[in-house]
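The structure follows.
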Amino acid sequence: MQQIDPQACPTQGLSTFNKVICLAILLSTLLAIIETEPVLTTNWPQLFWWANLAFLLLFSAELALRIYIAPYTQAHLAQSRWRFLRSGWTLLDLLVLLTFMPLSEKLPLLVIRLLRVFRIVRLSRLTRFNASLNLLIQAVRKRKMELGISFIIAMSLLLTTSILLYLVEGSSNPEDFGSIPRAMWWSIATLTTVGYGDVTPLSPLGKICAGITALIGIGIVAMPTGILAAAFSEAYQKAKVQSGPTEQ
Amino acid sequence: MQQIDPQACPTQGLSTFNKVICLAILLSTLLAIIETEPVLTTNWPQLFWWANLAFLLLFSAELALRIYIAPYTQAHLAQSRWRFLRSGWTLLDLLVLLTFMPLSEKLPLLVIRLLRVFRIVRLSRLTRFNASLNLLIQAVRKRKMELGISFIIAMSLLLTTSILLYLVEGSSNPEDFGSIPRAMWWSIATLTTVGYGDVTPLSPLGKICAGITALIGIGIVAMPTGILAAAFSEAYQKAKVQSGPTEQ
Amino acid sequence: MQQIDPQACPTQGLSTFNKVICLAILLSTLLAIIETEPVLTTNWPQLFWWANLAFLLLFSAELALRIYIAPYTQAHLAQSRWRFLRSGWTLLDLLVLLTFMPLSEKLPLLVIRLLRVFRIVRLSRLTRFNASLNLLIQAVRKRKMELGISFIIAMSLLLTTSILLYLVEGSSNPEDFGSIPRAMWWSIATLTTVGYGDVTPLSPLGKICAGITALIGIGIVAMPTGILAAAFSEAYQKAKVQSGPTEQ
Amino acid sequence: MQQIDPQACPTQGLSTFNKVICLAILLSTLLAIIETEPVLTTNWPQLFWWANLAFLLLFSAELALRIYIAPYTQAHLAQSRWRFLRSGWTLLDLLVLLTFMPLSEKLPLLVIRLLRVFRIVRLSRLTRFNASLNLLIQAVRKRKMELGISFIIAMSLLLTTSILLYLVEGSSNPEDFGSIPRAMWWSIATLTTVGYGDVTPLSPLGKICAGITALIGIGIVAMPTGILAAAFSEAYQKAKVQSGPTEQ
């Protein structure tokens, strides 16, 4: 129990103490997210101040407890309190704790923002979160050649269509297509089918080129998507078999 | 016949009476949908008044008939008229009937709207509708772990990209990216490829980050989609085998 | 040869005469499409007049030739010139021929437009075009139950999200969400990921509901797409096996 | 070594010289892309001048070296320096080299743009890039019949929906739907789910038609995408087996 066990969170055998900490991490993340919204912090400044204080106390108590019980656990990470304190995860926890303290208004805006955002790092302590990301990393690694090739193809198409629209629309619409990087913004939005619509070709020839691009290109840019989905399903099936047939 | 048999609607053996009721439910739902449009209700107020009256009478007659014949059916739900009347489905039908009555103009707008929308609940009495939703629920339940993991991954990516754009664009474009929840609106629209275009990064650095986000992220957010489609096909195949090889 | 053989166009054994007619049909369709553009017809009115006259003469000559040689072909459709003339396809050809004649300017605009568009019907005489559509119809028919169920689920979700946004945004944004049909326009654009952006929720609560809708709903609305693609691939494989292993 | 070996770039056994050239080609492509952006060339004109000079010298030295050592390599392409110089790839390299020279400001804008863009052609010398595109071409060729049929179906749907919206919206919205080609721009944006939003139907009937189009059509237009992804995966698996089980 010297640390939140990486396998503990999703299992039924999780202790009540760890469940409370898991929940507190999720809530503190939510708080960190909505605290960036000025409308809320202006209207209820006290609420956020008190909530942050509560989380600061809770997580401090948790860390103190973990440091105190470190010698009594047979974990391989820490044999003594001092060693436990020096470990990377504990130092990270300490750093995150600092960000819960009321921040001076005199700090530059970007620093305040970075410190607030830093709290969200605690999410990485949640097992389920970590296991999910590991599965994705495995899936990407297993098919990295196939993904790489389809990514190169997608990039080539992106470059080709950007150049095409740059040459066709560049003169009549210099603000949006006056350079290849500018045309790329349109190209990415179109070929991924996001289609913001902030940038569209205006000349008839540009529209014809864009229409053909959209019809032909979408299938090619969607290829990594299909490969990734298949790879993830495979990696999941493999992980399920390894961990035993607990779920059908 | 004491109630619309849950298996009755799609089969060929459906009685003419039940067919009429099924059609009436569909038509009354359509009426409830288009009645919310002020342009139509202002131009043809009489039409909606009479149509609602017709449906009120039809569904009242249906309910009265069902109550009357309740003792003569060997259904397990109701042995007497009183017991049938007390059952949950009958009470729901009665509630829905009330919403077909001409509504007082003095009620608050939201109450009128809720009452009108409530009529659509009757759709749940249609078998085909119910069976379809059950199939979807089965599909989701069967793959809930896989869906859950891919949903966590999608959420993480959503959070990461929102934070990225919040830090990069937050200062220059505070209206759209001035907080993580605001950046999330952009992030959801982009990673699901909806791309409304009401919110787009304006700074070059923001556009570069957004472009990379779109190219890498879409495959990851599309993963639950692929898993769900496969799960639904599986659940459908299984249901078809269980109900016998009636269709090829 | 009394009619363009339904299996003829894509095969290598197609006669030069039929090849010319196939090409002429494609070109006349292209002409019919671009002739609707007022910028082109205003600038080069003579070009379209002469092109239409050429096609009128070519297709008249073709039809006359077909009528003349009808008795000499052993087709089951026509034994005599009169019978061939009375057949449905010949009458359709005659009707299409009429639309190539110079249209009076006094006709109502919609009638002129319908007559012009009617020329495109000739495309249906092309074999490759017909065979492709037949394959799609077969694919849809084979999986009509599965497609139907996933379509009902998609419709339910569409209705649910429209009602949700109508209740949440209807008061603050009556122009775009003031009725269920209006909200449905947004709902279709969002759940199909088209995302025009002409209609977006403005209130924070509306945006939260829309964001959750987008994240959850897209997978469900995309289900028919996946089923259709699989059904089409199956139908194609089956058709290839039946027509013999001519292509690998 | 007389030329960058087509199989060399991605392998570990690539010589340091070739690695430097590969990197230089990627960097010069990046330079050619960002050099089209007027904001950058106006602010740092000297940077681009010097970078282009450096690439000119590097690639000239490379080409001179290749010409010098041509007789000492046992390549089948060149036995003598003169023959190597006359080969297509060498001439292409020479042409690309010319585009790195400072361009006269007196040339027409389009010519300058074409010359700059021409530098990107050097990317085709990279093996990994070529192998990826070959795999895609193989995949397309293998399934060309299936892709062709689904493309014809997609085109038919595109034409049908364009005609529908042209007839319905053409009169009330002539700027966007006043001809079939104009309606096609909307149709492509909608059926590929790009959805720019620059063109949307405004009349209720137009919106109903567009909504039905979006719901039914997207699955059909997405079919080539699915076929292409499957074909690419197949072609990749086959290529992997042929090149030996080096990667799992």
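The first chain written gets the first letter, and so on, giving A, B, C and D; residue counts start at 1 in each chain.
One rule holds in what follows: contacts are C-beta pairs under 8 Å (C-beta built on N, C-alpha and C of every residue); 3 or more make two chains touch, one makes a residue touch a chain.
All values derive from a computational prediction rather than experimental measurement.
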Taking all residue numbers used at the subunit A/subunit D interface, answer same if over half belong to both copies and different if under half do. different
Superposition rotation for subunit B onto subunit C, Cα-based, multiple of 5°: 90
Which integer distance in Å separates the CA centroid of subunit C from that of subunit D? 30
Return the residues of subunit B touching two or more other chains; collapse runs of consecutive numbers into ranges. 189, 193-197, 225-227, 230
Just say which it is for the chain contacts: an open line, a closed ring, a star, complete, or other. complete
In the complex, the residues of subunit B that touch subunit D are 193-197
Mind pulling up the subunit D residues that touch subunit C in the complex? 145-146, 149-150, 152-153, 156, 159, 163, 166-167, 170-171, 174, 178-182, 189-190, 193-197, 200, 207, 211, 214-215, 218-220, 222-223, 225-227, 230
Subunit D contacts subunit A in the complex at 33-34, 36-38, 109-110, 113-114, 117, 120, 123, 128-129, 131-133, 135-136, 154, 158, 184-185, 188-189, 192-198, 224-230, 232-233, 236, 240, 247
